[in-house]
């Protein structure tokens, strides 16, 4: 009886293992990052020659990265997508090591990452300073006219009630102010301490981890916070009728979209293609691209394709 | 190992302890989420579970609900709710209530089902009304399993309450998200140690509670059954009661 | 729902990636738990310590555990190995109790009978103990599977792509349909895995269905399953 029992068991076990194997194999087909394959372009990127393009885990950054990718593909340069990488601390080492080779960045934020003490403020100064601040092995290509920088915004009602249109006006507001933004804003040079040092404004801080997204906006509308950090290319600033406060003392650095590239990957062909893209990417374009993503719910792939068709570079 | 020292140093740093954003306040928020969510969930799930357990109706639905909800991704639920409810404590609280319901529901109906049918027949035979059967037989005898369910849901929520920080809901997760954004490992570790320690303490309290509420007759039976040789009866009575040991 | 229509391909790819992230921890966690559960069950004194210590692993909040993985393992920040190892830890934390309970549920008379028939300890384990504890092991494995599928979404917070991408991306773009799609996809995978495990159970443990006391056992098993799960 025992023999029969084990014999059955072995047979069944084998069948079971085959079933498990089938599932593993099915899932194994998908090894790798599915965001890699968001492009329509055919074929898997070959290991050796392909240039690895990364993006932040930020939808707008992903669109720009997708534009880079499609532009290169249109010029028969093989690419591999490594999108949706978290923060600078995570992806910059990967860029330095060559794990990732090309990345859409923002000049001001990138400069402050490498040189927190920098005094550069204007677009050109920041770009010039950035070239000197980058570590060995990394360089930036031409910056785009498009900017996407941190900006402090208030509701229209708040602006009118308190007569505030500029950060320098905030000092005269008597009610307590709370600033909303991602956790890291707390320790950035332009965070609460910067506001105090530059404009003499004392603010509390509420961390909201959606990068100036809907939760931040809702908190502002509900008056849970009075001041929010929203990236300047966010279409919701206009849609929600927010007032972006002016920054006469230059608390924020100008932050243009800039391709950050590993020197080894910066061949003349690649640089040429990406520089053409950058030259065509205007501030209005970027807001429009973001709007297509949020309001029309288009995929990064489609948005990039449409934009490239519109500018007709290649 | 240096990092672990730094984690404890973060906990012991007076600057991090007190005040509205010190860890004592955050820890209390974590506790408030935990007990608030479990209390609300219990109000919903215990009567429902008792109903299922007593009547045997809707059992299949209850089983698949409590099983399926385990796979519900809490981060997704939290974000979806926050898109509707905004920042603050509301979206996290609703998320945690939803997470806390399945184990309590399961504990409640399983507790009733675990009662020997002969015991219930005996109760009826001595003239107990249906209501008396529920309150004097099924509820006390099902209590260990109900407490087990409450314990599971408390432990689930206390660890998951960390996510509240993602939508500005406070609690110890606020430290963890901040630390992640700033790559402040000592703070991340310190806050994690606090969450785990909190879970440990709650686990201990529940283990104790579970022993205290077991009716005497059941204790005797259980002790006998640990040495018993029948796999079936042990699975019925033994396993859940031994949970806390 | 416009979002879903134009992103079906992305959702499918993410589902496959999510599955590939979940399957190794479920299998490896199961394989690791059996010997640990056996030890816990064999030596009564170690049982309490092993179960409590491993059970506590499950109370470590997932986000910090994911964050610390690269530091502990020395892996690159973006490696999916970080998530796989962390999920395996949770799987073991959940599974060891089921393994110990399952092996402990085997009738001692049966074990003695097996020994009397001349089975060595090793043979007895493979041919008697393991198959007979199958139903309880399977119940535990189903819990592990559901929990793993759900927890893998947290990987996206630290940059390892999973279905959690849809939560974070959907939040940034204010598209509730995208977040909802993510939740439904996770549940779908959990259900498919669960059905596969049940099917696997029927193939590998056919006798458990024919058992006359099947009803009672199912009740006991589902209860064990319900109560062994702690939290995410």
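Each chain carries a letter (A, B and C) given by its place in the written order, and its residues are counted from 1.
Methods note: a residue touches a chain if its C-beta (ideal position, glycine included) is under 8 Å from a C-beta of that chain, and two chains touch if they have at least 3 such contacts.
These numbers come from a predicted model, not from an experiment.
Every chain gets a centre from its CA atoms, and the centre nearest the mean of all protein CA atoms is that of C. Looking at which two chains touch through the most C-beta pairs, you get B-C.
Each chain gets a centre from the mean of its Cα atoms; for chain A and chain B, those two points are 38 Å apart.
Here the spacing of chain A and chain C, counted between their Cα centres, is 34 Å. Put simply, the C-alpha centre of chain B and that of chain C have 19 angstrom between them. Within chain B, the positions touching two or more other chains are listed as 82-83, 166, 177, 180.
In chain A, the residues that reach two or more other chains under the touch definition are 210, 214-215. Among the residues of chain C, those touching two or more other chains are numbered 158, 168, 171, 174.
Within the complex, the chain A residues that touch chain B are 87, 89, 180, 182-184, 186-187, 206-210, 214-216, 218-219, 222, 224.
Taken together, the chain B residues at the contact with chain A in this complex read 82-83, 86-88, 165-168, 174, 177-178, 180-183. The touching residues of chain C, counted against chain B in their complex, run 48, 51, 55-56, 58-65, 67-68, 71, 101, 104-109, 132, 136, 142-143, 146-147, 149-150, 153-154, 157-158, 163-164, 166-168, 170-171, 174, 176, 179-180, 182-183, 186-187, 189-191, 194, 213, 216-217, 219-232. Residue ranges of chain A in contact with chain C, taken from their complex: 2, 5-6, 8-9, 12-13, 15-16, 19-20, 23-24, 26-35, 37-38, 57-59, 82, 84-86, 90-91, 93-94, 99, 210-211, 213-215, 293-294, 296-299, 302.
Those residues of chain C that touch chain A in the complex are listed here as 2-3, 6-7, 9-10, 13-17, 19-20, 22-23, 27, 76-78, 117, 127, 131, 156, 158-159, 161, 165, 168-169, 171-175, 177-178, 196, 199-200, 203-206.
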